[in-house]
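Chain IDs A, B, C and D follow the sequence of writing; residue 1 opens each chain.
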Amino acid sequence: VQIDLNADLGEGFGIWRLGDDRALLDVVTSANIACGFHAGDPTIMRTTCEMAIERGVAIGAQVGYRDLAGFGRRAIAIAPDDLAADVLYQLGALDAFARAAGDRIRYLKPHGALYHAAASDQAIARAVVRAAREFSPTLPVLGLPASALLTQCAAAGLRGVPEAFADRAYTAAGGLVARDVPGAIVHEPDAVARRSLELVVSGHIRAQDGTSVAVRAESLCLHGDTPGAVELARLVRRTLEMSGIEITSFA
Amino acid sequence: VQIDLNADLGEGFGIWRLGDDRALLDVVTSANIACGFHAGDPTIMRTTCEMAIERGVAIGAQVGYRDLAGFGRRAIAIAPDDLAADVLYQLGALDAFARAAGDRIRYLKPHGALYHAAASDQAIARAVVRAAREFSPTLPVLGLPASALLTQCAAAGLRGVPEAFADRAYTAAGGLVARDVPGAIVHEPDAVARRSLELVVSGHIRAQDGTSVAVRAESLCLHGDTPGAVELARLVRRTLEMSGIEITSFA
Amino acid sequence: VQIDLNADLGEGFGIWRLGDDRALLDVVTSANIACGFHAGDPTIMRTTCEMAIERGVAIGAQVGYRDLAGFGRRAIAIAPDDLAADVLYQLGALDAFARAAGDRIRYLKPHGALYHAAASDQAIARAVVRAAREFSPTLPVLGLPASALLTQCAAAGLRGVPEAFADRAYTAAGGLVARDVPGAIVHEPDAVARRSLELVVSGHIRAQDGTSVAVRAESLCLHGDTPGAVELARLVRRTLEMSGIEITSFA
Amino acid sequence: VQIDLNADLGEGFGIWRLGDDRALLDVVTSANIACGFHAGDPTIMRTTCEMAIERGVAIGAQVGYRDLAGFGRRAIAIAPDDLAADVLYQLGALDAFARAAGDRIRYLKPHGALYHAAASDQAIARAVVRAAREFSPTLPVLGLPASALLTQCAAAGLRGVPEAFADRAYTAAGGLVARDVPGAIVHEPDAVARRSLELVVSGHIRAQDGTSVAVRAESLCLHGDTPGAVELARLVRRTLEMSGIEITSFA
């Protein structure tokens, strides 16, 4: 049994930093690196690519809406053609740093409001997938299982890679419980580690109503910008490893 | 005898436009396409790449300082490492559109204040050349003859391509007369056309003091954003063609 | 009988320009001046304020979403508190130029996607009105009749000023026909002039279904960035004046 | 004897934060609040103004170059007229938040590269002072003693307020030792506290060569974004207070 661990990285800008990139890069196998639109400036992108490659971590393009002030967390009603161009721009920019550091982009993952929009809106998902395919017809795309994004990947002949969240509650239908619902976030570290193991080993997770629901995931998403995040990420990795699960990039 | 004609293109942003790209693309053989830092948004970059490729015009990355408000015309005291990253970012971004449209970036030309800084400051020139070489060890760089930029190209094993300006007055030493000196700009169309021919055929130009000075150029830079610019560009091309000169990309 | 004429002005940025501000300022009585978020840089804001004051045109703050790339025409799902802060920021910035030129901001009008959002969404309208009131408890707000924006103005004790569009088709209910419906835009200059007169004199307009509908308006919105826009604006003003209508600011 | 303590505040942007504003606001009497060009977004500006006013701290406009990516630390060769407009824009924007929170801007202090440029370049200093005076003919301007900025204040009839840095080494001529010279920064907390007291009580400071040099200062600048900064700021204040010095705003 094997699994990939991914996290958002390189999400500073200029003088500002977010999260402990160095520590997280020692835990994950896939680095979702910000590409300058919601976070990430060229110098940070270069450094993060170099650090990822040094550790054998796969570089993914974490593309977002053009919105530094909102950190890409606000939906923007951008025309699909313009969105596809924005995504392709970010892919090309990050790839230049990945190549300068000796590798290349291994996958794409949308960030924030674009992640959510691409999960539920087929036109937005199609625009993201169009850009991915224009960049490379073999570029995997990371997203929610059964999302519009993975549907469009399938339609376009791109590999869609489903991910799961061990620190989020799931509905009986296999979706994420909305963030504002009580209990939507699992805070207790041991519970998150146990859920990670359950997800990877059984392909199922205990849903909020107590039933067991199938969640197919090739990657687990870890978070890096909350207090205790790095320790939690380490605990999840250690728990999986101690159970004999191979932690390896899906790419 | 042959010569390349280059011009700045794709220098709009969002709703705003600058110059008549479509008309200029029918005249030039090399398109310096803005990459989003001083001008150019992803949709404009895509469209301009597509139009250039349709006409067989070579795509060049017109990289600039991050300064939309100043159109890249204001020198910014950026650290060389950060500048190299900014340039590499722009190269990667534009290349994604060039490739999506069926070609790739054929050369780099710095824009505005960066053009001037890279002509006179070795550290800045070195940063630009570093980015060019990181992007591709065979990427030509367009610049002023005898500039720091071409010096650094030579030192780095990159091809430096010298360009000339038929509408600018030259000093007896072969440099450009500063813009604020009376007579620095040649406005009369026939004079510009005649000087273009002189430059290409003889490799010399009449300097401001009346002497003839050698100006080695593999490309002539035409302008597109002034009144009558397109007509002047057409006149220059026609004049060269009627004299049997082959108008072809240096790339 | 009297009416105000308003138009969007100062909508360039850096090197880029949009519309013929100088010509429009000779026609309108209220200038909706862009405040830097969707268009307008500080130098343009200063110049436009000065030109408006020279001609006795009232200065209005044309506030928008922070989106130069989209010209403020894309809805952004910004939190109301952040939106109120963005609007207040723009009000203060423009007012500094209005005061430096000898006057002050006389009203607020939202731009583009924010105009539409504030017309239909009470929470967004409330955020805009909150900022207006924080800036000045006597600041008038220009908007669609019967919109959420004017409703929130009334609730907050601010003066809401309804405007009409002589070049837009109206529904029998007094609303604007959506732009993508055939016939939504009236292009014929004489028709626009005639409709302007009808609106001002009778307070009614011929709706798309042929019925007459009441449209209460204290201002007519003219456009400046389309071909023939300035000529049309002049025609409307001349038509109104020749009918004895006084063209004067509502402020 | 009395002195003002000032520090840079509100220097986050969007999701990013810098320094511990809340703690510093309990120490200083003047808050240099970023205005959105080098740092500071509208929501942060509002919050910082409110926190300052709650504590009776004077609000100053910390104006900077338009350069989020460089945090305003890179000199930009902007035309003086454009700079004056950029500064006036920032003043107006911050003042709107100061007024909404019940006060108004009490002074201006340039940030980063603009601080240094305005200290040594008369044309740049004149542009900053022009904006200050356009905003209010009684607005004090905080800067280096004997700087171009204070010279231009005097010429324009504005109050120039000189400040000193207890953690910086001084030359025998009363200037700051350049940052890259060994010993330019005083790190030892007790030394900084002792130098603060010396500066305030005697109006002199021990220069790097051991001589005593006069440094006239109405304010001491404290830093907030380095490790131990808040503790150091508290120590300086306590040391001054225990010696009977009144800590009070110059405004």
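By definition in this document, a contact is a pair of C-beta atoms (placed from the backbone, for glycine too) under 8 Å apart; a residue touches a chain by one contact, two chains touch by 3 or more.
Computed from a predicted structure; not experimentally measured.
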Chains in contact with chain A and also with chain D, listed by label, are B, C
Of the chain pairs C-D and B-C, which one is connected by the greater count of C-beta contacts? C-D
As a quick test, compute the distance in whole Å between the mean CA positions of chain A and chain C. 42
Rounded Å distance between chain B and chain C, as computed from the means of their C-alpha atoms: 41
Would you pick out the residues of chain B that each touch at least 2 other chains? 41, 69-70, 82
Under the definition above, what is the set of chain B residues touching chain D in their complex? 66-67, 69-70, 74-79, 82, 113
Can you check the complex and tell me which residues of chain D touch chain C? 36, 41-43, 45-46, 81-82, 85-86, 88-97, 99-100, 134-135
Chain B to chain C touching residues, read off their complex: 12-18, 39, 41, 68-71
